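Here come two complexes built around chain A, the first alongside chain B, the second alongside chain C.
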Partner chain A sequence: MAPMDCLAYSKALLKPLAFSFASGSSLPTCDTWYFRNAYNMVLHKFGEKLYSGLVSTMTLHLKEISKSIEVAQGASFLEELNRKWADHNKALQMIRDILMYMDRTFIPSTHKTPVHDLGLNLWRDNVIHSSKIQARLRGTLLELVRGERTGEIINRGLMRNIMKMLMDLGSLVYQEDFEKPFIEVSADFYRVESQQFIECCDCGDYLKKAEKRLNEEIERVSHYLDATSEAKITKVVEKEMIENHMSRLVHMENSGLVNMIMDDKYDDLGRMYSLFHRVSNGLSILRDVMTSHIREIGKQLVTDTERLKDPVGFVQQLLDERDKHDKIISFAFNNDKTFQNALNSSFEYFINLNPRSPEYISLFVDDKLRKGLKGVSEEDVEIVLDKVMMLFRYLQEKDVFEKYYKQHLAKRLLSGKTASDDAERSLIVKLKTECGYQFTSKLEGMFTDMKTSQDTMQGFYAAMGPEIADGPMLTIQVLTTGSWPTQLSAPCNLPSEILGLCDKFRTYYLGTHTGRRLSWQTNMGTADLKATFGKGQKHELNVSTYQMCILMLFNNADMHGYREIEQAMEIPASDLKRCLQSLACVKGKNVLRKEPMSKDISEDDSFFFNDKFTSKLYKIKIGTVVAQKESEPEKQETRHRVEEDRKPQIEAAIVRIMKSRRVLDHNNIVAEVTKQMQSRFLPNPVVIKKRIESLIEREFLERDKVDRKLYRYLA
Partner chain B sequence: MLAWKMQAEKQGYFTIEEWRRGLKALRADTIIKLKKALPELEKEVRRPSNFLDFYSYAFRYCLTEEKQKSIDIESICQLLDLVLGSQFHSQVDLFVQYIRTQVDYKVINMDQWMGFYRFCNEISFPDFSNYDPELAWPLILDNFVEWMRAKRS
Partner chain C sequence: MNKLGRGHRDKVQQFMTITGASEKVALQALKASDWHLEGAFDMFYSQPHVKSFTDSRHLEELYRRYKDPYADMILVDGITLLCNDLQVEPQDIVMLVVSWHMKAATMCEFSKQEFIGGLQALGIDSLEKFRERIPFMRSELKEEQKFREIYNFAFGWAKEKGQKSLALDTAIGMWQLLFAERPWQLVDHWCQFLQARHNKAISRDTWSQLLEFARTVDPALSNYDAEGAWPYLIDEFVEYLTENGIVQKGQLNDWSQRR
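Let's look at the complex of A and B:
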């Protein structure tokens, strides 16, 4: 066989190929001729010529193609390009098959570009990067995208093919010829659009639009762009539409984050969260604004003097606010832990702004345990108590709460006003879990005393039986001094009927419990009296012990002057006045009549048994033993006691620490003590210093002689 | 001062031992020699190595009751003036003024007494620029510095 002219061969090779594809028919039947010739050429060392022939022929051919694409008008530009590209691919495939021997032998050994890749490169260089096509292609593509963004319908299939073509030519081509300009143009587009939107939309609407655009871009990528573009384009949208306007959106008047929170707009909030999540610092802005908002409303709440007049309502409001924001975080903020923490720290901050918060929370619990939980199911009870525990955890001064809780519990137990024993116990358990055994041991002691007293009473009546059967019925609670809140027992003269019984009980009790001391707490008792009035109407009066003593006086005479009563009773004047007031000056409960009829009790007043007393109810309660918000002096008193209680605790902590460390400097002692005390209260560094000095004076510690910052433990 | 030299235990009393000890140390066996020895004694007292001992002795000297640990404010004022008045005149004046007006403390104990001496020595006066309340100064001195600063502004 004569060595063919390679150039002629390749021309010969390409022409029918090009033709056949244009007309849709397949390769002429002498294709084996092509194979054979290619093979021979390479075999006879004409590979070089074959290769270069291929290059030049294809280049020429492609230049022709390029021209034909250039003349296409309008929409058909892309279509032509697409069509010719498809053709080229098919041709390439065939050429590669035919020149396979060259591909496998000549090309690797000479490190030339394989046929297929060569075909792509030539296409790229001669068509895509031809001066008349490159810019036009880019422009057309970007124009179409822009059109689609403004609502036009475009040929997505065509776009997809073009993009795929660019990717096939190499990701660098895709990036340079399309992606980079695409990103730039998109950024401009969204910058302008976001500016327009933000001027005319409220926050919620803006976010909806931003979300829509974001989804559109993602969808665009999935339909006709390369997947690698998704991250880049979303970043553009996030930056232009969200990041650049974050602050303005969040703080937008009447529609920003704060308004959304106040109006519980879960959808809008959820959208804001997911959009801002994409942007760095987006969530921290949300969190900060939310935090300062909660702190603000919290601060207003705890300093609102009107509202604070009703402690129970106040605490309920706290719970409601917490619930509200909790819901927002779980529905809209994906239960994000950082937001939960922000919520908790905000509550902790403002609850402790009001030093009476511990007292109020205890009052709330008192209210619930008295009557608020009647008819509520067991699970619901648990829920309410758990919520209360949440508030409790926020308190810095837990020991103040403990003091009030003890007082209120004592009142509840002694007046028998607990709605549910189980609920009481449940709360004690929760407190124990939270604060340890120390916190609740005394409270539990109180319950134990109540139970023991019941048993004691049974024993008493069994033992005494017939002796006291027709006297008044006595129920006595024996309280262990250490467990119950300290009360000074004021003197009080009990009526003779009662005194006799009391003595009998004392004898009985001390008989079985030698070595104990009993003292009557007359200020905490209650009595039920049956009274008959002028027209014979009978009523049962539930009164305090003091009141009972006063009323019994009127069994002897119809009239008693104030001074008489005072002498007979021997109870403190302030208590006496309060009792007389509740017996004589309160409408509907005035079983005594006072002359003169003034509101206040003066020492010259006279009191009469009110014959004309009427009431619709048979049983009337005139007791004064309900737990109330403390008056100012009482509050000072309690606060003072708390401070006094803290001193030995701090000292014990200091001694403990110094005993184990032996030598420690001032700052570290303060830090350690604070850490040890933090579950109960936050100690004041000045108080700690004072305690240290007191311990130095009492020679538990000394200052180090050399380094004045150190303290030393003295064994 | 004489009592210090004698290391007398009880204010207002000298035991024979103490008397002998002190006079021997002063090398004085007549009144005239004693009088002459006094200025020397004063110098000796003022020597920094002795002064600290003298200073703390002065406090203990005033603890007349058994188990007494602190001295009332009025006595402290006089004692301070006596012992430190010449050396740290302005500090003593101001401090005395302060402790007379404040209400937190009714007595001064040894720790606070010694603390004040250190204070005069270490802290720049009257600006207190190097006073660090974070360090373990007795609380009364923290309050004193605060009071001074408030007064000045």
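Let's look at the complex of A and C:
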């Protein structure tokens, strides 16, 4: 075939093809003819002509198409574009099939663009990028999106096709002709909208709106945009709606994070968490605000003097606050560990602001173990104890807690007021797991003593049997000195009936345990007395040992003056006054009558057996052995003892460290000691320094001759 | 002697007066120490041959002069007599230096061993030689290193036998004495502070560290390092100074000087 013929041929070939497809009719019957001729052209080295003919014909054709699209009005612009694009695709397919031989041989060898791609490029250049279409297309698409954002319904299918068209033309086309402007315009849109919202909405509402918008955008992408746009558009929404307003939202008065926390608004909080999670630093702002809020309420709680008058209520409040915030973190904050840690560190911070926290927590436990857990199931008991352990872990001065716990436990055990032995032991086990054997060994010793005493009493009664069957019934607890809190055993004159029994017991006990010394702790005992009053009413009185001694005096005479009682009893004045007050001045328990009827006990008072005493109850408790908040002087005393106990512990730690390190500088010793004592208390660096100096004086350590800061262990 | 310049002649004269050595020895020592008197003294006294100069009979005599009638030691009366003979006051600090040379265990007494051994080491066997040596001993206090040794020695010497620490009053007395030789601006404040706040005995560590403190830390506390592992008493002293406005913003306000 001659060259001129080829060109004409390809023209002739392509035109009808193009037109016929546009009008929907099918290929002219002899497609094989087309194929064969194309084949021949290439074969006879006319490929170049064929190709360029293809290019020029298609270009012209597409220019025509372009014009027809340009004249479309309004909504039909996109529709027309869409239609023509569909046609073009179909045509391309056919053309490619027909020119397949050229595609496979001529084109690769000449590195020309393959037919299909060529067709796309020509479409792109002549239609999409035509001066009259490019801007209009972009504008139309953006306008439709905007419309949808403001509530209009648009033709999503059409949009999808157009987007697909752009993607087919190359992701660069999609990005340049649609995505980039889309992102810019969206940013502006959301910037404006977020500003409007934030002026008029409260935090919760704003977040709802933001969430809605975010979901909308995601949905939009899934319906008609390319998937690669999702990350980009969500970033825009996140930035404009959330990141730019983070601080204002969190701190919004009456509706911000703090208010949500206080009102347990789980939904709002959850929404805030998931939205803020998307932006960098979002969660840290939430965390910081939450932390300072908790610290603030905690601080108020531990310094509220009114509330602190009821230690048990105070601790319950602490537990409630913790529960509340724990729930928020698990329901709304996805159990985020960093928030858990923030909660824990806040609690640790404010609980230790009040130096009486260890005492109060022990009182709380005392209350629960005394009566609070009666009738509560075993699992619930465990839950309460676990919660107590949580608070215990926050304490810096665990050794102070230990001291109080011992005191309170002693009172519980000795007055028989512990509600559940299992609960007691369960808590001891938890403390042991947390703090090690040394912490609980003495506590366990106390339990052992109680058990052993029971056995001893059995043995005593079995051995003495008939001799003492008639007398008062004695129950004695033998306490090992080291395990129980130290008490000074004040003297006290026991009534003769008791004294005889006590001596018998002493003989019996020392008979089986040689080398031991027994001393009666009269300030810790209790007694049950049966009393008969004026009209024959009988009551059983549960009193302390001191009170028992006082009351027994009234078996001999109806009246005793204060000084008489003091002489007979020989107990310390403050204790005596307290006992007399509890016997004579408390309504419902005044088994004694005092003259004059004043509230305070003076040395000139006289006491009478109160014949006229009545009570609805048969058994009346007048004892004063309940664990209470310590008075100021007692507190000082306990604190002083704790400080004294700490000194040898610190010294032992220093010696241990120096023994293994041989030579160490001052700051490192302080750091090591602090680390070692961590589980019990936070040592004061000044105290550590003093202990070091004491050890220098006792020649365990010496200072280095040259470097003053260095210490050496002296073997 | 004629060939020497006036300055050198004076030094030779001084050397001979103080050490009791001959002109020849004096010249030798001074030349060897480049005409520095103190160096010359040092050299002279560290010569081993000096020991052989002492006559042990004379030493025995001396000892017998001062020894207590009932105990084989020199006690308070003996020491008073010695001081008289030496023409120094009993509370003169030079007696501390003497005790140091003798390695005396405790103040107000010398054992025979300490007395005789000390004098032998010093090469003294007569009162005259002893008297002549006094100025030299005074000069030893001016030497940094020796002062430190004497200062640290003073602790063990001044405390009660069998006690680990030095009673506060004694300590204060010693400090006043010692810091008269080597002035420390804060010594009075230190003593006041102790009497007001501490009222307990002084440990050896505190004693020795105080000298370091006086030596290294400027009285306005500008280079005081709170992390310097100073004994806690010294830390408290610093607090006391700042609390009472004695040291403010790196300046020492010495009100004692305001009249």
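Everything that follows uses one rule, which is that the second predicted complex is superposed on the first by the 711 of 715 C-alpha atoms of A that agree within 3 Å, B and C clash if a C-alpha of one lies under 4 Å from a C-alpha of the other, contacts with A are read in each partner's own complex, and residues count from 1 in each chain.
We adopt the following convention: contacts are C-beta pairs under 8 Å (C-beta built on N, C-alpha and C of every residue); 3 or more make two chains touch, one makes a residue touch a chain.
Not measured: the values here are computed from a predicted model.
Participant: Based on the superposed arrangement around chain A, label chain B with chain C as either clash or fit.
Facilitator: By the criteria stated at the top, chain C and chain B clash after superposition.
Participant: Scan A:I153 for contacts with chain B and chain C and give back first, second, both or neither.
Facilitator: Neither partner.
Participant: Have a look at where A:L617 lands relative to chain B and chain C in the superposition and call it first, second, both or neither.
Facilitator: neither
Participant: Between chain B and chain C, whom does A:K690 touch in the aligned arrangement: first, second, both, or neither?
Facilitator: After superposing on A, A:K690 lies in contact with both chain B and chain C.
Participant: By the touch definition at the top of the document, which applies to A:M597: first (chain B), second (chain C), both, or neither?
Facilitator: After superposing on A, A:M597 lies clear of both chain B and chain C.
Participant: State whether A:C200 touches chain B only (first), chain C only (second), both chains, or neither.
Facilitator: After superposing on A, A:C200 lies clear of both chain B and chain C.
Participant: Quick check on the output: what are the common chain A residues between the chain B footprint and the chain C footprint?
Facilitator: 665-667, 686, 689-690, 693, 696-697, 703, 708-709
Participant: With touch defined as at the start, can you tell me which chain A residues reach chain C in the complex?
Facilitator: 665-667, 686, 689-690, 693, 696-697, 703, 708-709
Participant: Show which residues of chain B lie in contact with chain A when the two form their complex.
Facilitator: Within the complex, chain B contacts chain A at residues 69-70, 109-112, 118, 134-136, 138-139, 142.
Participant: Applying the document's contact rule, which stretches of chain C touch chain A when the two form their complex?
Facilitator: Contact set of chain C toward chain A: 164-165, 203-206, 209, 212, 227-232, 235.
Participant: Under the stated contact criterion, what part of chain A meets chain B in this complex?
Facilitator: Spelled out, the residues of chain A in touch with chain B are 665-667, 686, 689-690, 692-693, 696-697, 703, 708-711.
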